[in-house]
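Below: a set of structures, written as structure tokens.
Below are two complexes that have subunit A in common, paired first with subunit B and then with subunit C.
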Partner chain A sequence: MQFEESTIKNALVVRVHESRIVADVAPQFKEGLIAYVTSGNKNIVLDLSEVTFIDSSGLGALIGSLKAVGKDGQLVLCSARDAVVNMLKLTRMDKVFHIFGTPEEAASALS
Partner chain B sequence: MGHGVKILLVDDDPVARSIHSMLLHMQGHEVVEAADGELAWRLVEEGQISFVVSDWMMPNLAGVDLCRRIRAADFERYVYVILCTSKGAKSDLIEGMDAGADDFLVKPISPEEFRVKVRAGERVLSLQQGLADKNHELAKINAQLHSAHRLVEDDLKAAAWMQQRLLPLLTQHAHGVRCAWRLQPSGYIAGDIFNLFPLDENEIGFYLLDVCGHGVPAAMMSVTLSMVLTPDATQGSPLKRYDAATGRSQVLSPEDAVHELNRRFQSRDDRYFTIIYGVFNIRSSTLRFAQAGHPSPILVRSKQEPAILGNGGMPIGLWPEIEFDCFDISVTLGDRILLYSDGVTECVNGHGEAFGEGRLLAYLREQQSLPLEELLTCLLAEITLWHGNSEFKDDVSLLAIEITGEGILYRSSESSPATQQSYNRRRSDAI
Partner chain C sequence: MKRLTLEIESNLSNVSLAAVAINAICAYAGLNQDKANQVELSLVEAMTNSIRHAYHGEPDHRVIVTITLDKEHLHFDLYDTGAPMHVEQVDRLVRGHGIVESENLDLASIAEHGRGLGIIHRTMDEIVYSREGSQNHLKLTRYLAPNR
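The block that comes next holds the complex of A and B.
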């Protein structure tokens, strides 16, 4: 599980270098995201442009990370592909996550 | 291994034997002597000797033949053999190596050459012994692993058997419905589970749920859920409300049941489950469903296109403020409902292509005349064929329910799947 980090405005943009967030990578995925939170990042934008599929374990890891951010910070999504957006909509997780079109839009919203 | 290895010295010439014996003694070795090949062979065979220095030319058994015999014997230990030859006999060297000699000494033997060649032999034997010890240790560990693995496997098989016993009886059909099912765990035990049971004299409950993840943790939760989802209200079922004062219990609506489950199963870790919970009311011939994060059920009605029911919803245990779909359909004689887990639709073939909802619908359309049991047998075969084998990456579960009409107040219905969306009533609208 690899992440590529960049900063836009005062948000940390984390791009996921993985096409499938499934059971075998889900724990690393969550650990990685929580590490950003514990190292003091308050505004995190998760760039899902390379992700084509998220399974049930991946969804659990995503929500677990959101819970870990808690009230102290924000975790939002951007650049999600149709398949991923459809999955988030089917599970109504679009009500839990803010999903933006681009990293810039997401970063602006967090500023 | 330092100095002090036991060496068998074989020579028919007593003078040469005592000179060589003295040399080896001076170098700190224990020496056993033999006057010919046959005597030497008996000592080697007894099992105490693993280093032989032997003259070539001897009565009874020549050195090279002793060497051949040792190699042919295939002892558990390695026996290191040095042959002593006369000067300049090159063909002897080749024959000796062919017989399996490790090294050669040319007579007359210089004390220095004797010393280094014996040292070299000791090193080889020491390495050999080290390897043998390691092999022995590995074999022991391997046996332990094997027995531990068997223990785990036996436990898993027992757990799988217990889990299977929680599933509905194959022939189960309660008040006007018939059901058939298939469960193909991705390992021994599944995170998927389902059941069908009468809730009271008018209502039948059924569900299919999928705990996220696989293996033992998911299976333990699915078994727990199977125990919790009971029609016995006195056991604190989330499906019925029990009034201790009157001793009466009331069936909860699917939405209330799902809210109750979500309240009870908010977990600290990321474990959650998806469920379709349905209640069939025999009097009104209606089915009411709650769909929490689970793939949509499919309604198969004679001479009509199979229809996908519901608009999804949040899984249970992920988020406290759960939002999910709840909807009614009217059913008539012969209608079938298929519940399944995402292991069906997300099952991939060799090219990574998912089986998908489209193929599932097409199958149900083409095979709708098959009896319920065969329908599922053939569907599972179809999915297995798609995957290439039955070792699925995720649990595959199927629960099919057919309205048989026994005991039903039959009501003709104009409803069709095309207008199914109008039955949908999201909870947000209902409140």
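The block that comes next holds the complex of A and C.
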């Protein structure tokens, strides 16, 4: 599982270099995201532009990461493709995650 | 009627290979991209359940998916020889019992696991589970007409 980090305003933007977030990679995905939280990042934007598919295991990893951020920080999503957005809607998790169109929009909202 | 059988070993890393083939077959059958993605998602959840729960994550077992296409249906017959599904899981999968329709949006109460059966229930048109001797048989059907 590879991530690419950049900073926009005061947000850490994490781009996921993985096309499918499914059961065999979900543990590493969650572990990687939680590492950003435990190293002190409070405002995290997860760029999902390369993710073409996510299953319930991947969704669980996202939920676990959001919980790890807690009330003192924020984890939001951006650039999600239709398949990912539809999965979030199907499971009603679109009500839980904030989804922005671009990393810049997401970072601005966290500022 | 057209038929294809896919077989994977019970390793989670093999599921995506079958899944992308299934998505392409859905497109061939005339489903639009959103619906093909839904069917792919259901089959991913079903194959993952076979590996994780029926085979308890053990390698070197087989998961078989037979895909049958006729004019009005796309059928997926999944077979494994692992442990049978529990009655409560069958109720959730087939009848939707226990699926939370409107989860409390309080983050602390949102579960990280347990959505797979609900996803299959919501996205497939017909679901039949049977235990046939030492084999699990899950039959998932998606209607093709009239609004594909």
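Just so it is clear, the second predicted complex is superposed on the first by the 111 of 111 C-alpha atoms of A that agree within 3 Å, B and C clash if a C-alpha of one lies under 4 Å from a C-alpha of the other, contacts with A are read in each partner's own complex, and residues count from 1 in each chain.
Here, a contact is a pair of C-beta atoms (placed from the backbone, for glycine too) under 8 Å apart; a residue touches a chain by one contact, two chains touch by 3 or more.
Model, not experiment: these values are computed from the prediction.
Participant: Sticking to the clash and touch definitions up top, decide whether subunit B and subunit C on subunit A clash or fit.
Facilitator: Superposition check on subunit A flags a clash between subunit B and subunit C.
Participant: Between subunit B and subunit C, which makes contact with more of the residues in subunit A?
Facilitator: Larger number of subunit A residues touched: C.
Participant: Taking the superposition on A as described, I'd like to know which of subunit B and subunit C A:K89 touches: first, second, both or neither.
Facilitator: first
Participant: Is A:D24 touching anything from subunit B or subunit C once the two structures are fitted on A? First, second, both or neither.
Facilitator: The second partner, subunit C, only.
Participant: Counting only touches as set out at the top, which of subunit B and subunit C does A:A109 meet: first, second, both, neither?
Facilitator: Touch partners of A:A109: none, neither subunit B nor subunit C.
Participant: Touching subunit B in one complex and subunit C in the other: list those residues of subunit A.
Facilitator: Comparing the two interfaces on subunit A, one with subunit B and one with subunit C, the shared residues are 23, 55-57, 59-61, 63-64, 90-93, 95-96.
Participant: Which of the residues in subunit C end up touching subunit A in this complex?
Facilitator: 11-13, 15-16, 19, 33-34, 37-38, 40-41, 44-45, 48, 51-52, 102-103, 105, 107-108, 110-113, 115-116, 118-119, 122-123
Participant: Can you check the complex and tell me which residues of subunit A touch subunit C?
Facilitator: Residues of subunit A touching subunit C: 20, 22-24, 53, 55-57, 59-61, 63-64, 66-67, 82-83, 86-87, 90-93, 95-96.
Participant: Touching subunit B in the complex: which residues of subunit A?
Facilitator: Within the complex, subunit A touches subunit B at residues 23, 26, 30, 55-57, 59-61, 63-64, 89-93, 95-96.
Participant: Inside the complex, what are the residues of subunit B that reach subunit A?
Facilitator: 210, 212-214, 269-272, 274, 293, 311-315, 318-319, 323-324, 342, 346, 394
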